[in-house]
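Structure provided below as structure tokens; questions to follow.
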């Protein structure tokens, strides 16, 4: 469904990703794990077109999307729930969710989908008319995910959904991710929280210094010596 | 905008001059020799105008370029100089004295109006500078007794060198050329000195500059004072040259824009740029004004505007930027291909002592943190944090994201004032002090890195490290020497002349540590320096930390790489939701059920059991 | 007492005038995050075109709105597309500042080249006739400006609040990167917003031309005050700009009457500096915008 082939990318003269290849199949949950600064966020930003790769090719459903501007990538249903939530602070929660439906394919039946999405997030319903900035970190994360769901994603990508959240909230967030995946939505998730993520995902890629050093099923990665040493301190 | 290449050689006789330096020298000489040779009143006038604008622009560049404070109100200082000169002249005081009075007044006014404006960024500083210009213009119109109001002031007719007023043009040319040389010399000296490095560092990354012990407000005030004083002296000269001044001309926004514009077109933040800009544009416009006269009212201004637009769009670094790109290309072609990866860190003798809270080498307390509280709104970011750090000790600080670790670092380095509690550092005098700003913390020997690396992007690796090295070595040569030494020790040796913005994340992390190490700190605060670097580098970095520790430096390290935490730390503190939930030997802490729950996760505990 | 009332009313009317000039400026700043130093010259251009249409075609100056407003929209959109957009990613602020300063310089001098240094008086078609309101009087044209400013503020607020495009504009203003992730074509929103801001100042130009003589430097005269208003009202806030304008109008009028007309500018700019330094978020700003502070 989504394929990256030999991607090189970075900011300005700084190269971050080197020769990154990965693919996500329809209905899969795939994770990219790695340390801070390994290039996980850069990978996602390159996929959505916010960073233009220097080399390599990205395709989605057979179409080459390497050079498309971000809004056109999003228009094709590639939705990113960004790191640090990135809500619109001076808009209400409802307006934030409405912004989720900006992409053309998501504009009709807004009310109905709002109901569907809110059924996943009962807490968000109570907050609909509050300003997004008045919410707690966990609530904001839920709104960010709900906003992503509003866009009728064909693939939903999460960038560090557990970042800065209390452990109890983290498990709630992962519950939601599981529920979303259960509806058949394809998910690509980037996390530092290696174990929890690998437990949720089917397959995983390990990124170090901007390179894919390992790619395997989650089970195999959980048993891998290198993963255990590098990400568990074992 | 790096300091090296074009200008740096001009002062040292032993070095061979490169072609840009020769060209610059020729240009400078021709500014004097051509008008003297041709001896035509109009030509002389054009060259006097070039020298005047080049000098004003060079003076502006000290604030607008080096310090990056884009003032469009510099005519204030020029005007003050002009008025001081004329008013004193009419009281019988020679402008040779008047210009220094004007300079002093302008320096004071400059510091007074700049001080409250330093908090303002980018366009807001610019707007404030325009507003000050307007206020002063209106006031000068109002206080007619002093300034003559809108009718202006004419100087009494007194000729000769004493009065700086001449029938011929050449003495004026000599004077303004001399002033141009002086201004260039000042600008050049600043750029090479500690002050210049500090200004550029402050411009590029204020917080990193403060962490390097730079008193950012002070260095900017000094820059403003020098720049205003020079502008005022030029204003005095120009008033004598014009023999008549009025507020509309002396405090004009368009004039201020011109001054800044020449610097931009020549190359903002470079020593030679402002002169190049003025030398290129002034003749064109003066010629247009003279030959087309009133039929082309506004033509020269229109050309200026268009040139400005074209310049920002196509050569934002000005003529100097183009020259630099050109000369770099040539240099690159000649040299071997540039090395892009850093060398391995030269690991010193292996760490001998295994970490232990009571191993030999650990001395008395050096840092005390007591009941530190910080809240934003109702939310506590840190709550009653207490700990001490002993000399030569490595203290690991771990905890989940958002636990308040970086906030804690900000409070123990002076970047953030705690709401309650105190931080005290033992000075070299053996007494405990409670500093309250980054520079004072630095003065007590505290050095820190930033989690999100903060390089001075426009500087080379060497210059970045020099900013730290200047802290111990006020002289430029010593600082450069110390910076080189540090760079090699940190494995950055081959990259000394690379621009910081081109480094990889790993390189930037090392640069961050190198800059702080060049300050020779007694206490080192490291914020996730191992994040994002690979396994072999982590191991080398651990060795390096241990060697730093063994020189008697105390270290507090925020780290997620547990391997490093376990093998480095004498003690570990665990922070969760702003509170210390555990403290002790690393082996013990990782078994603490609370720590497992809040940070490590059950998987870690299982794997470890 | 009547004099005082008259001074107050003059201040309010002046406030309406400042408001209508400042609204476009604050709109552009709030969304594109660029301080348009050429804003006053946009006003000047609009006033010259109004003058041309009115004198050459003999139309009522207000009729030129159908040409001036679209023309200014185009000018603004082109400025964003050709000048600002290529500089959006620049690391240093100075290039964006110099870009609009350069545009301002070029436009002032172009006007000098075309129209010379003379003053252009737009026929006023009775807009300078005073209306008596009880004991005080006000120029018809001033009253229209005041009403137009109120309508413009409300219309913009409704547009930004309720339309899909308006919401997208606010999203871009609040979080550009996140807006992009929603599928918003951010460059297009910028072009639209800059055009919209310029169109607002086009409307202002049409309304102001019959009351004030047009000259190449008229822009500088108005725009410096508009900057004061925008900073006072909280950068990017449209209602803030309106109320900020009323405050400055009153200050201007009162200080002109009680302190002296030659010092009123100093008072206005003095207030500006105090606000910039002490409370950069503006009197009506909800919170600090970190973008312009250290």
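Note that the chains are named A, B and C in the order they appear, and that numbering of residues resets to 1 at the start of each chain.
The criterion applied here is as follows: a residue touches a chain if its C-beta (ideal position, glycine included) is under 8 Å from a C-beta of that chain, and two chains touch if they have at least 3 such contacts.
The chain lineup, named per UniProt: A = Amino acid/amide ABC transporter ATP-binding protein 2 (HAAT family); B, C = Branched-chain amino acid transport system permease protein.
Because the structure is a prediction, the values reported are computed rather than measured.
Taken chain by chain, the contacts link every pair, so each chain touches all the others. Interface comparison, B-C versus A-C: the pair with the greater number of contacting C-beta pairs is B-C. Distance from per-chain Cα centroids to the pooled protein Cα centroid is smallest for B.
Comparing the centres of all chains, each the average of its CA atoms, the largest separation from chain C belongs to A.
The geometric centre of chain A is 42 Å away from that of chain C, both derived from CA atoms. Mean C-alpha position of chain B lies 35 Å from that of chain C.
Residue positions of chain A touching 2 or more other chains: none. Of all residues in chain A, only 12-16, 35-38, 137, 163-167, 192-193, 195-196, 208-209, 228-230, 232-234 touch chain B in the complex they form. Taken together, the chain A residues at the contact with chain C in this complex read 48, 50, 69-71, 74-75, 79-80, 82, 86-91, 95, 98-100, 102-104, 147, 151. Contact residues of chain B toward chain A in the complex are 400-402, 499, 501-506, 508, 528, 531-535, 560-563, 565-566, 577, 597-598, 601, 603-604, 607-608.
Taken together, the chain B residues at the contact with chain C in this complex read 64, 68, 70, 72, 116-117, 119-124, 126-128, 130-132, 134-135, 138-139, 141-142, 206, 253-254, 257, 260-261, 264, 268, 296-302, 304-309, 311-313, 316, 457. Those residues of chain C that touch chain A in the shared complex are 164, 167-168, 170-171, 174-175, 177-186, 286.
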